[in-house]
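Each of the next two complexes has subunit A plus one more chain, namely subunit B in the first and subunit C in the second.
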Partner chain A sequence: MSYLTDNREDMQHLLMGNEAIARGALEAGVNVASGYPGTPSSEIIESLAKVAKERNLYVEWSANEKVAMEVAAAASFAKLRSLCAMKQVGVNVASDFLLHLGLCGTRGGMVLVTCDDPGALSSTNEGPSRHYAQMFEIPLLEPGDFQEAKDMTKWAFELSEAIKSVVMVRSVTRVSHASGNVRLGALAETERHAEFRYDGSPLSADEGPAESVPVGQKHRLQQEKLQMATQLFEESPFNTYQGPEKPELLIITASAGNLYTREAISLLGAEDRVGLLKLGTTWPLPSRLLKRYLAATDKIMFVEEVLPFLEENVKILAAEKAREVGVKTFYGKNEGTMPKTGELNPDIIVSALCKILKIDYLTIDPDYEQKLQMPPIAGVPERARTFCPGCPHRASFWSIHNALQMDNRRGFVCGDIGCYAMGRFPCGFNTTKTLHAMGSGAGLASGFGKLAQFGMNQPVLAVCGDSTFFHAAIPALVNAVHHNSNITLVVLDNSGTAMTGFQPHPGLTINAMGDEAQEIDITKVCEAIGAKVETRDPFDLEETQTTLNRLIEDGQGVKVLILRQECALSPEKKHTKQYDMQIDENLCLGEDCGCNRLCTRIFQCPGLVWDKEKNKARIDEVLCVGCGVCSLICPAGAIERKEVA
Partner chain B sequence: MGGKDKIRGQEELQRVVLNRNLCTGCGACINLCPYFKSYRGNTTILFPCTLVQGRCFAYCPKVEVDLDDLSQKFFGRPYNCDPLGPYQTIMISRAGKKIKRAGFQAGGTVSAIIYFALRKGYVDGAVLTDRDGLLPVPRFVTNPEDVFTCVSSKYSAAPTLSALNQGIRDGFKQIGIVATPCQVLATVLMRSNPLEDLNFVDPTGLVVGLFCTWALDFRGFEGYLSERIDTERIAKIDIPPPPAEAMEVYMEKEENMEIPLDEIRQLVPDGCSYCIDMTAEFSDISVGALEGYPDMNTLIIRTERGRKIVHEARKEGYLIVSDIPKVNLEHLKWAAGNKKRRALTKVKQERIVNTLEEDKASYLRLNTATLEGITA
Partner chain C sequence: MGGIPLSKDPYNLIITGVGGQGNVMASRVLSNMLVRKGYYVTIGETFGASQRGGPVMSHIRVSAQSAWSPQIPRGRADIVVSLEPIEAIRILKSYGNPNVKVLTNTRPIHPVGVISGELDYPSVEAIKVSIRKLSSIVWFIDATEEAMKLGNPILGNIIMIGAVFGTGELPVGRETFKEVISESLSEDRLDINLKAFDMGASLIA
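Coming up: the complex of A and B.
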């Protein structure tokens, strides 16, 4: 039985953190859920979408995170419970609204789930989102394991309704994407009626207009809500302590830090020496509780990822209460015990504990460490980041790269967020030269395209995917057209939000719940904005490159080239093969002058293999998806494609 | 060190030719492999090639050109001071009665000879330069009638030899080529089998060289013209012999335009200033304008196969020839000698001739007596 619908109390399921969060929302009786796909957050909305019909939810993949938060807030204003999920960078996008929402307050319980990515495992940054809770004065909860991911999410709705504020639940990759046993609670069976009431006083929590004004009163009200939250946090079961009454060292941690620290203490057998204070409510801090534990020891260590959020706030508290708790020695990021960047792991904490507690322990077996230093075991293939076999981006970047090289004026491409961010790697022929936030490629291009006045004569291109186009590229395109910036925007339209798992977007005819939806035509949008628009199939290399060269040569205004070809992994395309591919070994030039392994050395589709013994290229039948593009690049015509009947 | 040992690959070619702006976009490296492309007159490299030796380097007329070696191989003597290169005879010529076409730059000699050679099977295809608007476009023709779509000078650099490479790949064995001096030099490098391929057979049937003092950078030339006229409506471009000192642009309907040569010379790529060859010294025959006779050409016959084809063409009425006036010959020698002296002085100053350092490629190599004789 699916964990989403299992209503047998106390049943245990092995759940991913994100699934636990979704289950928690269902147990809280969430009505509306919205988000924008982004690793490691995507499974939350996907899970809820699966049971939308059955549980009478409204679930959507919004155009971007700001809209997602607005959609969720609207539900809250209408007294429904709502959840909004995004990755850490999404909070930046939504932050303008979040600031106002914090001031305005909410009605039905509203939870913002943000999934951070310490170590940037699947991001272009490891930016923190926790500081938003402090900066925008809203409560912050951080689950320290999988059970808590569910329980805390459920409780976050109650907290939100109790204090009339949006509540932020912050997860990280190792909580969202790891799995653990979760004991289920009952699914909520309440029916809520949606109504937005606006006739009351502007200060009325449930009856007035939903506004952040009058700011003075609203801001004071907001701070009172935080004080209420502090009171509730003092007694919260999500703040736990394990260890001796008077530990030699007190570790204060939260989130995945809890899992790493528990493992480290257990590895060292230091349970009698170290106390572990795991906080679930990390903003505002429960000061009475903290004071109690701070007083119990002189040495305090902080375990948290990336920036020292807990560390700095606890230190302020310790300074304020110094007379009562005494002078402390702190171990954390500011004095260098813990790294300020990247993910933590148990080894880092073991090393720190060994140093502080003077324990002799080898975190890595010297034998193993020596093996790690050895050259890779023979036969282990190098695994560079690359596009999938048959990926349209490889074909697109091939043409973009070649068009720019031929143009020979040091033109460049502003990159953007999606699989095609790998355009900067050899798999994309090192074509993109900038990479920032979603939509920033088009925005940067808009700026570069105005620099002719200062002597810049390099052609300026930008790329963006179809989902990114809707997310944030449209305003940049509007800007570029309005200011007559001389650029070419290439929309890499692979018909889906491919990188995060084919979530629907406004360009498609289906929504998150599987219902038919009105698709927005990218061509018409660009034309309406005033750009010159052309569409090509990126698998037609010659036509694409010729078109690009013509557009680049056209020095006037904004040109948009839509390169449309479905992602090789899309559910519709997967397992279908357009061509049977074969290599004629008599024609293959191999390493000879005239080719020098263009297909396996430069084009590098994983479906092509270099046979060292024969000195010939070979098709990997298992990996090749039969897109046929490599037959177009072979200078000897040795790669043959035959249409699959 | 033998000739083959001096040959390197793409990386070195980029360093010593492209990065030094020596490239004239002749097209010798295009269509040999997927790495070199020509776009709007520019030769560019798409991707790095790691081979230590390549045909791109071996055929390039701007690196490791051993003039003595080539001269010895094709004319049986070392390179000497003669400003016109080795030749049998020099005469003047124009298309004969059998050619009923017009629109030639001068006497129509080149078109007539190529037309004749194709018709009579002296060549099985011809490498010519057509144009698309202002852009010169290499063409490989097999139908004699197609010769007449490619008439008239283009004045900007064209990767004509890319069509030669394509013709060779397509299996043609006796190719006729109409080419500028740098292109003829690249062709003779290719014909010398520099990589010592055991299966090599000379794929050319006739190499016709065109007199050339420089060609224009296409982008610059197009930019210059399109700021002033509608380039789509150009009928013909001509540079009349001195003392005119101007380029004439004839329009389809609009008023013709005259551009002072001083302005045009600004658009000449650096690569041309290193060229020592005005009359395509390694051709079978070379053809150019004739001062004072706008409907005639100067015709230099250098090789036996060139002589034979001219002889037959004349016999069958495709070509009319007569003696060259002495004053014209003297002036031609004077002009060609000037170009040679200027360029050799420059390459000497820049130390890219007879370079001795093991790891440094030289642009030219030739015997000291000739080098000093010309630059004295």
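Coming up: the complex of A and C.
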């Protein structure tokens, strides 16, 4: 039975953190859920979408995170419960609205789930989101395991309704994308009626217009809400302590740091020496609770990922209470015990504890360590990330790269967010030269394209995916057209939000809940904005490159080239082969060919390998998906493709 | 909670391979089997960006007593299950120890650096010698070849699960496997997956 609908008492399921968050929302009786896909957050909305019909929810993948938060807030203003979920960078996008939402307050319980990515395992940054809670004065909760991911999400709705404020639940990759046993609670069975009341006074929490003004009064009201949250946090079961009454060292941690720290203490057998204070309510801090534990010892260590959020806030508290709790020695990021970048793991905490507590711990047996230094173990080949076999992006970048080489004016491509961010790697022929936020490729190109008056004559290109186009590239395109910037925007349209798992976007005829939806035509949007638009199939290398060269040479205004070919992993395309591929070994001249092994040394599709012994290319029949593109690049015509009947 | 006591608690298993080989599914199926047997299981996965042809690994912690962190400490793996032979070596470099056991598929997937000629892929013999040096017991199986005989190379991951059962390292059996996959697979695919499981188990005997 699915964990989303299982209502049997006391059942346990193995749940991913994101699934646990979704379940918590269902137990709270969420009505509306919205988000924009982004690893490691996507499964939250995906899970809720699966049961939307059955549980009478409204679930959507919004055009971007700001819109997602507005959609969720509308539900809250109408007295429904709502959740919106996004990865850490999404909060940046939504932050302008979030600032105002904090001031305005909410009605039905509203929870913002943000999933940070310490170590940037699947991001182009490891930016923090917790500081937003402090900066915008809203409560912050951080689950320290999978059970808490569920329980805390559920409670976050209650907290939100108790204080009439949006509540932020912050997860991280190692909670969201890890799994563990979760004991389920009962699914909520309440019906809510949606109505937005606006006739009351501007200061009425439930009856007035939903606004952030009058600022003075609203801001004071907001700060009172935070004080109410602090009171509730003092007694919260999400703040736990494990260890001796007077520990030699007190560790204060939250989130995944909790799991790593417990493991480290256990590995060192230091349970009698170290106390572990795990905080689940990390803003505003429960000051009375902290004061009690700070007073119990002189040495305090902080375990948290990336920036010292807890560390700095606890230190302020310790300074304020110094007369009562005494002078402390702190171990954390500011004095260098813990790293300020990257994700943590049990070993980092073990080595910090070994130093502070003077414990000897052997990680790896020295004889074993020595064996690891021997070839070929030491030199086992690295496995660089690459585009999948049959990926349209490889073909697109091949043509863009060749067009720029042919043009020969040091043209360049501004990159963007999606699988095609790998255009900067050899798999994309090192074609993209900038990489920032969603939509920034088009925005930067808009700027670069205006630099001719300062002597720049390099052709300027940008790429963006279909989902990214709707998310953030449209304003940049408007800007470029309005200011007559000389650029070519290549839309890599693979018919879905491919990198995060094919979530629908406004360009498709289906929505998150599987219903038919009105698709927005990228071509028409670009034409309406005033760009010259052409569309090609990137698998037709010759036509694509010719078109690109023509567009690049056209020195006037904004050109858009839509390269449309479905992702090789899309549910529709996966397991289907257009071509059977074969190498004609009589035609492949191997290293002696003047092509310098173009197929494998440069094109580098994982489905096409080099057989060293035979000195020939070889199709890996397990990996090749039969896109047929490699047959177009072999100058000897040795790669044959035969249409699958 | 509380399955029968394990040979070691927590028991640390790493499933590794290359993006696209079905590692995540394998780790989920195996872990669900263990949860059904009453254990606490934590899975820590690296996927997302790394699913595009990069190395993928799942850390699985099994305990009769409590939940453990989603990252196994260095040098603390008990068994490494690898869908690609050099990925087994890569894991041993960080998580290996003299007592670790290894179960690995033999079919190489060449990294792009090897395809382009910048890097060398070690010979099958050299790989076998290396893994033997770094482990207490090792099982080499031709999971992909056997899966292709069954009609689909992706079944390699299920063959590996069957092989884990064959090793007797973890208290999981065919019935539990059937229960778990019946929940996620349609009836018509059940049979071929059971065949793959049995094939894996027989390759260890």
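What we mean here is this: the second predicted complex is superposed on the first by the 626 of 645 C-alpha atoms of A that agree within 3 Å, B and C clash if a C-alpha of one lies under 4 Å from a C-alpha of the other, contacts with A are read in each partner's own complex, and residues count from 1 in each chain.
Quick note on the criterion: a residue touches a chain if its C-beta (ideal position, glycine included) is under 8 Å from a C-beta of that chain, and two chains touch if they have at least 3 such contacts.
Quick caveat, the model's predicted, so the values are computed rather than measured.
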Checklist entry - Is A:N549 touching the first partner subunit B, the second partner subunit C, both, or neither of them? => result first
Checklist entry - Is the number of subunit A residues in contact higher for subunit B or for subunit C? => result C
Checklist entry - Touching A:N56 in the superposition: subunit B (first), subunit C (second), both, neither? => result neither
Next on the checklist: Taking the superposition on A as described, I'd like to know which of subunit B and subunit C A:R383 touches: first, second, both or neither.
Outcome noted: second
Checklist entry - So, A:Q405: does it touch subunit B (first), subunit C (second), both, or neither? => result first
Next on the checklist: By the touch definition at the top of the document, which applies to A:F429: first (subunit B), second (subunit C), both, or neither?
Outcome noted: first
Checklist entry - Given the touch rule stated above, what does A:T600 touch, subunit B (first), subunit C (second), both, or neither? => result second
Checklist entry - Thinking of the overlay built on chain A, is A:G180 touched by subunit B (first), by subunit C (second), by both, or by neither? => result second
Item to check | Overlap of the subunit B and subunit C footprints on subunit A, listed as residue numbers | outcome: 601-602
Next on the checklist: For the complex, give me every residue of subunit B touching subunit A.
Outcome noted: 32-35, 37, 39, 42, 44-47, 49-51, 53-55, 195
Checklist entry - Which part of subunit A faces subunit B closely enough to touch in the complex? => result 401-402, 405-408, 429, 549, 591, 593-596, 598, 601-602, 633, 635
Checklist entry - Hey, which residues of subunit C end up touching subunit A in the complex? => result 1, 18-20, 28, 31-32, 35, 40-50, 52-55, 67-71, 73-75, 86-87, 89-90, 92-93, 96-98, 107, 109-117, 119-122, 126-127, 130, 133-134, 144, 148, 153, 183
Checklist entry - Along subunit A, where are the residues that touch subunit C in the complex? => result 1, 12-14, 39-40, 121-123, 145-146, 173-174, 177-181, 256, 259-260, 262-263, 267, 345-347, 350, 363-365, 367-368, 371-372, 374, 376-377, 379-388, 419, 422, 426-427, 499, 597, 600-602, 604, 606, 608-610, 620, 622-623
